[in-house]
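Two complexes follow with chain A in common, the first pairing it with chain B and the second with chain C.
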Partner chain A sequence: MVNTANVTTRPEDRFVAEFERFEALHTNGSSEHFPLLRQKALRQFSATGFPPRKSESWKYTNIGSILRRPYSAPDTGTVRASGLDGLGAYVAVFVNGHFDASQSTLDDLPEDITVASFTDQTQAGRVRAHLARYAAFEHEPFTALNTAFVHDGALVHLPAGIALSRPIHVIHAVTASYAALLQPRTLVISEDGAQAQIVQSTEVHTKMPVLINSVTEIRVGARAQLDHLMLQAGTPSTSNVANVSVYQETESKFYNGSFTFGGEVVRNNISILPDAEHCETLMHGLFVARGTSHVDNNTLMDHAKPNCFSSEYYKGILDEHATGVFNGKVLVRQDAQQTNAYQTNRSIVLTNTAHMYSKPALEIYADDVKCSHGATTGQLDKDGLFYLRARGIRADEARRLMLISFAGDIIEKVPAASLHRVLYREVERLLR
Partner chain B sequence: MTPVLEIKGLKTSVEGMLILKGVDLVVNTGEVHAIMGPNGSGKSTLAAVLAGREEYEVERGTVLYQGANLLEMEVDERARKGVFLAFQYPVELPGVSMMNFLKQAVNALREHRGQDPLSAAGLLRMAKEKAKLIGLDPRLKQRSVNEGFSGGEKKRNEIFQLAMLEPVLAVLDETDSGLDIDALRSVADGVNQLRTTSRAFVIITHYQRLLNYIVPDFVHVMVDGRIVRSGGKELALDLEEKGYDWVRYDAAA
Partner chain C sequence: MNTDTQYLQEVADSDYEHGWAVDIVSDTIPKGLTEDVICLISEKKEDPDWMLENRLRAFRHWQTLARDKDKYPRWAHLDYPDIDFQDISYYSAPGSKPKYKSLDEVDPELLRTFENLGIPLEEQKVLAGVAVDAVVDSVSVATTFKEELAKLGIIFCSFTEAIENHGDLVRKYMGSVVPYTDNFYAALNAAVFSDGSFCYIPPRVRCPMELSTYFRINQAGTGQFERTLIVADEGSYVSYLEGCTAPRRDENQLHAAVVEIIAHRDAEVKYSTIQNWYPGDSQGKGGVLNFVTKRGICKGAGSKISWTQLETGSAITWKYPSVILQGDHSVGEFYSVAFTKGRQQADTGTKMIHIGRNTSSTIISKGISAGLSNNSYRGLVRINKKAANARNFAQCDSMLLGDRCGAHTFPYLEIHNPTAQVEHEATTSKVGEDQLFYCQQRGISEQDAIKLLVSGFCQEILAKLPMEFAVEARKLLAIELEGSVG
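For the complex of A and B:
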């Protein structure tokens, strides 16, 4: 046998080639689209490449076959976003990555609050000042890839002291007749004491394979209170890499809820850094995975300063051949005395062909802290099922009732009450 | 009098161990039967077999419910057809709200009987009325099923469900244990009000006291997987006085 030279292209090269095509298409005009930043990110991506299969944080998630598909960044498309019924939000719609003013309902936003497209020239300065400041791409190839393609995106700016009563909802819809690469970018800047709820959702309006590689960076100003929700619902051939980077300033409160309802391979990289004292952080997540769906939640709670509180609570329901991963790290740095940090991961595995890999981790370098973590993975409680059936409730209905209440534990804690119905609806649909 | 329940030569095992070693029992509509007997004699096992617990293997014998083979019916089917078990250890269901639970159970039953589902308001009205009858704290209806309920509250909740579901055959497994004197009284009052000519009760208990309030038509004593003695309500008094050795001795003779 003779070794043949390896002529297959690296998947990275395909993405670089796609970048060049995309670049030629979109930068032939007026706006500059952060060329330096993007070039730098591309170089970084191209040099580092995707994480190797054997790397620790990708041990249980094989995204190689997804990345080897030939994707194109989609052109402008037309599709009606379905949105989320009953949310009552200010809505910003992006179709194939481009802001669609006609579908957005931002006109009645209070005057000094900004929800805008990156292409809005009046916001260029603000975007330039903050973009890629909280989501560093040096060690995150997926963030680097997203940054290289930054073209349009959503900017949310909340001025000091403002309290918004309705949520802001950013929708990214995609439609294409080819395998599409969608790279949503969202930048949320809240000034001192601002209060708001931000919901992000993605909609896939095509049966073609879609890779969504999103980056959301959030700065939570001093004493600000921000709730951030991420809803992922995809077709069986949608894959999702969602990167969320949060920077909290003094005495701020931040809630993150990540909800995953399907997709081929889903990887959430959520990292929160309270970089000042007296911050509070809630990090919640829920997924329901069926078929051969694979959902990986990779989280980092990075306690850098003293006197902060964090509570992480993730749950998952795995049916059929699904796999789930929870890789949750709570890092308490040496300075972060008097930290209270809690972490819990609970999963229900319904079949013996579904698997859950749970790796909760505490890494503590300060000596005066209160931290705990725990993980349980199991089946539905047999005694509970029997009790329900002994009251006349059919087996499948009893099962659904128990699963919905398992999920409800996370849903009920979502601060935006208008979202409870939406989330229950999704869970019920998946458990049918 | 028509038999609701006819048990003949019932032998069941769990994990290869024979627990019920030949039980015979006939219960007619309108009757109240009490089953007493020492710990571990198989009383709960009998109740569990009637409700359809799968861990219990039926080795031999037959159980007819309203003339049909009960052992062939699914757990939930039995309940819809009117078999109710008040659990010795009610299960906590965190996150399952009482009202949703009641709605599902009541409507499953109504569907079986060919009735329209009850409206939310109708259900609430019914729940209020029955809670009052049983003396169940109405606030418990706002909570998850049995979650964090006290021992007594759990037992009362079982009888509350009995009242809601109006079964044909109700099996009460030690509903009196863990109840304070007042609770015992009000649970017994509740049961007595639910006592009709079209409903039968099998009441498993260790204490004569409950039977002062709910006066049974028959008392049976179970020892080591068999009913070794049956009699009228005075049998319970004899037992209280003489202890189980008396019937044990009898059974051996």
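For the complex of A and C:
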């Protein structure tokens, strides 16, 4: 199963070869649209190739050594997804990229809400209409690579006006006895006025190296209100490239929370485009990185239309030999007058072997706007530590408390209250 | 609103005040860049052998960079056509006599040039007590106050003279802060630089006057490749001014200067710049391409380097005055006002590299864009692993005077030490309507109000400029706004 690595081949070629093997296995069973789309994406991918080491948006993240490993797209596997305790969600489980109905709990979903696999023939029209429409792969080689391998994926469709009280949780679990390439694909379509919370998480049930290259496309309908959460917790040999592309319609509200709790190299490409007036966007993120973990959050807030509001808030805790990158851009296009956009990045560096690179950028072409950004990086506040110690709290406990409260700033703002405990638990586990 | 627009329109359209060319006989070598040209420049400059070797080494390095167009530095937020480096003449010196003993020998045309600029050399000398090392094109034509400075042991002369008379100092320090391998334009400069200024302040000497040079680009189709080297020995202080205006030319003029500052233990160097080169016409035609590498090193403990700049000119500005904070307790500062209008593009900022312990740096940058211009701040703050207790504060504010211009902020914060405290904040907005209303309500015309508000926006920086420079800076900013606002 494992390809023998030829040192001289371009990493791209190995992925192309893997595509051909994978394509041969899966040509039947899917609609006609997919093979064409896949071929097109593959051509794009092999033409563009992976981003060069020196490109500005990959300046601080070297993913070359990760990509040089020989990965295979996994066959079907069986593993019990652990899920998230106490979330109380409707759960859709995918194992090795294939929908696993037996582990999913979607039966009590309100009737007109769809959470389905791309292979569900009744949804073929909907998938065809929206797939690859919001995540353009022309300039994003990782999105192109994912699109080339699109076979199964999660479709969430929210009809107009519906308000869902429990979150929808999409789990992608992977198990393999070889280096695996998992490429989850998620498509969320919310019609006008729908309200829902979508949680996405990945689970790695193998000690082998895993590369997860996911693409999530979200369309937020007019006056809809959508919360989207992404949880990444991987083994030390899991690498994660997560591409999220969001398209907002008029007067919609969108929350994006990205939480990273481990992994070898993690790169999040989150791009949100409010393409109509009076939209609101919150973009929050938190990571705790230890060991030699490398976490890179690359975000784009693309204000194309007037009268929108956006607020971005990213925090990171770096311990041991970890590296953090925040590469956030707020783009205000020429017509996007009356935009209010804010961006904040705060990081705590705990050791002198940890590194933080922060690049909060504003690119503004409209004059009647209010935009600001701020970035701070430092260590724990000494006065705060002293205050706690003066009250008889041990040094390590004081440090832990302060870090938890630092992270709490982001966690408390998560709209799904049932997730707070889950997130605190992860942070506490990592800070132990 | 209409008068506002009109005013802005006018600023954008206003012609370049200092746009004229003076006929001075000049000694220009043919266009193109080859090893022969380097040798020719070196010969004309009467370089010692080591300098020629330096030039050739830099040139060969530059060739490896220039061979491949993909390797041209393209990361800046600037849009300009590729420069044809073979279509530029790399040496131009005002003709007739290569060296002057007194001002009387200077070409009267040249003196008139300065008078037109409102900075007559003579007057300046007497009134402001400023020693002026005037550089027209590439050769230093007059150096004044030199003797007075010499009494204190201060060396302030043209680069050529420095090579001749203080070869050991130049050899020791030149390229130590900006090596020829540093970047594309630094390599080019190291190969072809024609002249510049050299300044050495001996230990424990406080330079009694502001040292100053005026640069002009004055020969059609010639690049200007200045090199400035300032060495402040232990415990010394110097304030250095650089001001520029250039006459109108149709073709793009390439300017790739290098400035190096070395501050030893407890020394302080304050470097102020006014840059007002020809920005091109309203169609973006012509204008100076300004690619400058400016860097200082706080070598000794307790040293300080401060950059202050007012950038209003040039079609393209690519400039990042930087400080390497190597000595413990050293301080770096960067204060900048960048004003762009018409089709000007500026990508400017700073780099603060913290290496020593307990170092601190401050960055205050104000960007104002009008017309169709783009104004970017790009700044790097790097805290190295051993730079314990480093402190940085950066504030970058942008103001937009029009709905077709752009203001961008690209800070890079690289932190490798947990004890660092690094803060960056930036805002972007237009002229406050409330503030405008307030002023107008009190009978101040709209254009005066805008001028007032812009001037207030920049006040913090302009106040950092030395007295006589600050006056000129305010005047310049007002003139710039005049054409475009109101």
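We take it that the second predicted complex is superposed on the first by the 419 of 432 C-alpha atoms of A that agree within 3 Å, B and C clash if a C-alpha of one lies under 4 Å from a C-alpha of the other, contacts with A are read in each partner's own complex, and residues count from 1 in each chain.
Simple rule for what comes next: a residue touches a chain if its C-beta (ideal position, glycine included) is under 8 Å from a C-beta of that chain, and two chains touch if they have at least 3 such contacts.
What you see is a predicted model; the values in this text were computed from it and never measured.
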Touching partner for A:Y178 - first (chain B), second (chain C), both, neither: neither
Superposed model, chain A: greater residue contact from chain B or chain C: C
Partner chain in contact with A:Q337 - chain B first, chain C second, else both or neither: second
Which superposed partner A:S405 touches (first chain B, second chain C, both, neither): first
Partner chain in contact with A:A375 - chain B first, chain C second, else both or neither: second
Touching partner for A:D367 - first (chain B), second (chain C), both, neither: second
Touched partner set for A:E56, first chain B, second chain C, both or neither: second
Touching partner for A:K359 - first (chain B), second (chain C), both, neither: second
Which superposed partner A:Y387 touches (first chain B, second chain C, both, neither): first
Chain B and chain C contact sites that coincide on chain A, given as residue numbers: none
Residues of chain B touching chain A in the complex: 51-53, 74-76, 78-80, 84-85, 87, 90-97, 100-101, 104-105, 108-109, 112, 144-145, 161, 165
Residue numbers on chain A that touch chain C, as the complex places them: 56, 334, 337, 347, 349-379
Complex contact set, residues of chain A against chain B: 381, 383-384, 386-395, 397-398, 401-402, 404-406, 408-409
List of chain C residues in touch with chain A within their complex: 75, 77, 385, 398, 400-430
